[in-house]
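Report on one structure; see the data block that follows.
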Amino acid sequence: MKVKEYSKKQLTEFYETMYRMRRFEEEVFEFYKQGLMPGLAHLYMGEEAIATGVCAALKNDDYIGSTHRGHGHLVARGADIKRMMAEILGKKDGYSKGKGGSMHIMALDKGILGANGIVGAEIPIATGAAFSIKYRGTDQVAISFFGEAASNQGTFHESLNMASAWKLPVVYIIENNLYGISVDIRDVANVVDIADRASAYGIPGVVVNGMDVTEVYETAKKAIDRAREGEGPTLIECKTYRWQGHHVGDPATYRARKDVDEKEKWMKKCPVKCLKEAAAIYKKISKKEFDQIEAKIEEEIQEAVQFAKENPYPDVQESYTDVFE
Amino acid sequence: MKVKEYSKKQLTEFYETMYRMRRFEEEVFEFYKQGLMPGLAHLYMGEEAIATGVCAALKNDDYIGSTHRGHGHLVARGADIKRMMAEILGKKDGYSKGKGGSMHIMALDKGILGANGIVGAEIPIATGAAFSIKYRGTDQVAISFFGEAASNQGTFHESLNMASAWKLPVVYIIENNLYGISVDIRDVANVVDIADRASAYGIPGVVVNGMDVTEVYETAKKAIDRAREGEGPTLIECKTYRWQGHHVGDPATYRARKDVDEKEKWMKKCPVKCLKEAAAIYKKISKKEFDQIEAKIEEEIQEAVQFAKENPYPDVQESYTDVFE
Amino acid sequence: MKTLTYAQAVCEALDEEMAKDDKVVLLGEDVAFLGGNFKTSVGLYEKYGDLRVKDTPISEAGFTGLAIGMALTGLRPVVELMFSDFLLVAADQVINQAAKIRYMSGGQANVPMVIRTPIGAGRSSAAQHSQSMQAMVSHFPGLKVVVPSNAAEVKGLLKTAIRDNDPVIFFEHKMEYNKKFEIPDIVEPIPFGKARIAREGKDITIVATSSLVMKSEEAAEKLEKEGISVEVIDLRTIVPFDKETVINSVKKTGKLVIADESYERCGVAAEIAAEIFDEVFYYLDAPIGRVSTPNVPLPFSPALEFPIIPSVDRIYNKIKELI
Amino acid sequence: MKTLTYAQAVCEALDEEMAKDDKVVLLGEDVAFLGGNFKTSVGLYEKYGDLRVKDTPISEAGFTGLAIGMALTGLRPVVELMFSDFLLVAADQVINQAAKIRYMSGGQANVPMVIRTPIGAGRSSAAQHSQSMQAMVSHFPGLKVVVPSNAAEVKGLLKTAIRDNDPVIFFEHKMEYNKKFEIPDIVEPIPFGKARIAREGKDITIVATSSLVMKSEEAAEKLEKEGISVEVIDLRTIVPFDKETVINSVKKTGKLVIADESYERCGVAAEIAAEIFDEVFYYLDAPIGRVSTPNVPLPFSPALEFPIIPSVDRIYNKIKELI
């Protein structure tokens, strides 16, 4: 991990963001275990370096297309974690007034064009945001996050084809955590690196270690700059691992079938812990400073938890609003 | 053209098939001009070498998925041209009792799983036939024909992904005639050779001169043999040109925009004429023999035209049959 | 007044709205250089250029999703799907995405886009190019559904569609494109949700959509000669539905026929019947009649196709049956 | 008799049909190693192996098309779509292809495939995972549409679906999967197109589909205590529709409520009402009542979702309104 070349400020930001994601989701998992959460949620735990690294390279007015596993993208963009938690509990002051839930948190003020319950459906939508940018001639960029399994969906192909034909300012980020629910990508695709699919569109395809926030950041930055300069899309594949089951209710016992230690090996690469260790080794952030960061975030998190729990449910009449203008 | 190495029998077969296609469609075009044809038809003229070359490498029990531009595939498989013409005129003894028309001629007895009015929709269907083959363990193969524009459809990607992941015995044939209706492929895709998309699936991708029946045949034969041996799919791109408009009613004036002589140049490469000339040069088939072949086919064609014209329309009650068993 | 084809009226609406608002962008297969498969965007590419009139690859799901992203970020895309049957290729984007985004986001976002697409049988285009998809999209909440009748209507309603802040599915009828109509020199936007009484009558009401408005008028003319007075309502929009106009008419006439070209089963006619039923139950003198496409895929042969298309005769006969 | 969950009943039907006919192949996301997202194929992968129980990539259009190709060439695929909302991703293959191939080929070919997929709200799954898609597919000719109620029904009807020579869309209700039911040790295939009188009554008829059959029975029980005798008809299949059973019941009771969880607009309830209308018009003592999902996307929060789902209370209230 190349922490040496990074400023303390940047490393602190990385750490704060990743730690916030982690703690946020630990509490979300608690909601589930305590029976407070309606429905389910898909946890991003273990994959924090990706959203953190990519979003660190963005500007305020950039756009993001997110997925069912979208908490991390939102936190990385600085979304209000109180409103996120309220949404996850189906409460009135949630981002979507409780109408969307974990899988549909939209934060338009942060450029988040929506999480999406339909795998692959967000890819063309994010690509359309890039079309808007090109149309307006601004130097914004759109990011489309999705899983390796989503790359088997037709919308992936159609989107990358359009974006490359028209040189749209969009960067596609594959969060390759090896599984789509229980299905091992190696059983349903014949390429080792999904990034290789970039060659079907004449665009760059890059593989990065998705557990290393600096590597993600640097690769994303390059692709984002390239997009801003009008040179078109890039496909970046981040190798990562989903720590929990597919969703909070999934024990994910299916994963041990090829390699019993698979999970353990990946957990050793914990992006939060690794950054912390590296930053300590290079004496970029002191133990005390880490304690302070963590304490500050803990406060935010507890505040959000309380807010979400206390926030009332939406009024029943809300079922009928927001269908049309 | 490598006619030298081919037997007279094989060359005669090539020629007969291509000439039959050509004459067939000239008559279909006449139907349209005379106002006899309901709806429209998409002519294969100029692309005859592709279906001819590919199908020459097939066995009787192989399968074919065809397209809106499907007459050539049917003729190459030896479908009954009387019933084809009757179908095109919406008559009772057409392949589909007049219910399908030009764009939906199915000839299951010839392994033709259907032409298709939805661009790209046939690709997974042909791939499914290959799944059946694998399931049964026979040495059959499935061919999926489609245009370069269809390769931008999501079903293309999804099908090639499945076929490659599961090593299905299917060969994908792109008939790249440069246009999808009026749209130039170079304006809506960022790859010069669509065959390059094969690398996204870890399968071979090959470009051939689609105007040369021997080149098509040899390349297809290799891919088909490979599929039969259980080594999985191949993507073959045949460079060709659509002589007529997108359909019989399309003057296709839009094509001159990049190169005024484009059509003329391609017409010089007429696959029927080129084969005839090459076969003559190498003295494989005499002038007299060509005359005989042409006369024989002319007779067939006239018979078919007459059959189709005289064949009655289906009974009005037929509208309501064949919905369910 | 001037004479225009229906296709030209569509083109004029697009042109006027594009001139007025540079956020309006047209995209679809063959809309640019060719000017549209049905010639509904002739000249617009030349006038507005490559970024505002965009030929797309054959990727209906992809470019419909693209338009959603454009709409979410400040543009007002107008998507052309070459045939309404292709809504099925893009169905997830239309129905799971565009229709639901306002709701799923709790009103944070909206999707001001129009999907224009032709419906209708009668050209021997067979089962995959002849369907009328208005019932399918009407079934799903979140989409406004427009079924204009003549050229003036298509122009006025398309202008409204483009200015609307929600996703609108705008169905043009492919058998009308080449027909000529008289239309006013200036056509104002026509509000959604307000049906038009195309012809007043007192014995029976026909509620009709799209080209069946014209066919109903023709049937009404014939019936007039037999002394039957038919009220023809041009529904204009299925969603929103102008319940009031329909109910008032049925209360007056006591009889109702609904003519819509979508398939009969779970179709538009079924819905309208069921929707007003409570309120007209005690006024009805006869069962409600439906004239729709029967529940069979559309056949190619004209010998099979013509008899099953909703026609002047079928409307005429249905009315005679109920009178 | 034995006790099984609804999910187990589905699994038993699959198992028995796969054992009986080696042409039956199951495919879908997570059907193999996981045994199905809702545990409806547990153990089948282990028993029948990788070629007969196939985990697919996330490519709904692709693998539905794949199944069509399999069906055209001698197999009998059973496709699982993880949620019925995903029918929209595969809509072209289901509706433009599978449904129309027999017709477009003039009867040369047929497509013996089943698409199994869960419907229903009630799990806070929000707008894209809670829909009931039976009306949409029923609208299009060429598909048989099955909406089984309890575990015995799901087992018997699924067996019929698998043996049927046409494409069948088989809707399982996700709120039933984990519920336990008493079911006979041997369940025979249940013919399509024959509704089941789940409960006899004389004051009013309810025609219900899927889990609303059970909810209707519950409402009927409550109403019985108030002296109202309700006849509950389990429709079983929307296509084919057992018109006769419904009409006979309505002629007897003079009143009808239709309970189906698809959206109300152009929904199943509208269709049934319109379809039988002619024949019961002179027997009806009250307007026909519909209990459906209102025309809004489904909300996530239970505070919003529960009040709008068709429930025992909503059925009860609708009956009280009409009696």
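List of remarks:
Residue numbering begins at 1 within each chain, and the chains themselves are lettered A, B, C and D in the order written.
Criterion: contacts are C-beta pairs under 8 Å (C-beta built on N, C-alpha and C of every residue); 3 or more make two chains touch, one makes a residue touch a chain.
Predicted, not measured: the structure shown is a model, and the values here were computed from it.
More C-beta pairs touch across one of A-D and A-C than the other; that pair is A-C.
In this assembly, A is the chain whose CA centroid lies farthest from the centroid of chain C. Taking each chain's centre as the mean of its C-alpha atoms, chain C lies 30 Å from chain D. Centroids built from CA atoms put chain B at 45 Å from chain A. Averaging Cα coordinates per chain places chain A and chain D 36 Å apart.
With centres set at the average Cα position, the gap from chain A to chain C is 40 Å.
Chain C has residues 56-57, 59, 61-62, 85-86, 89, 92, 96, 103-104, 126-128, 141-142, 295-297, 299 in contact with two or more other chains. Residues of chain A in contact with at least two other chains: 96, 98-100, 104, 116-118, 121, 152-155, 157-158, 161-162, 165, 187-189, 323.
The touching residues of chain A, when paired with chain D in their complex, are 38-40, 90-91, 96, 98-101, 103-104, 116-121, 149-150, 152-154, 180-183, 187-189, 254, 257, 313-314, 316, 318-320, 323.
Those residues of chain B lying in contact with chain D across their complex are 63, 65, 94-100, 104, 106-108, 113-114, 116-118, 121, 123-136, 142, 154-155, 157-159, 161-162, 165, 321-325. Partner chain A is touched in their complex by these residues of chain B: 152-158, 161-162, 164-165, 187-191, 196-197, 199-203. Across the complex, chain B is touched by residues 25, 51, 56-57, 59, 61-75, 77, 92-93, 96-97, 101-110, 141-142, 144, 164-166, 240 of chain D. Every residue of chain D that touches chain A in the complex is listed here, in rising order: 29-30, 33-34, 37, 55-59, 61-62, 85-86, 89, 123-129, 294-297, 299-305, 307-308.
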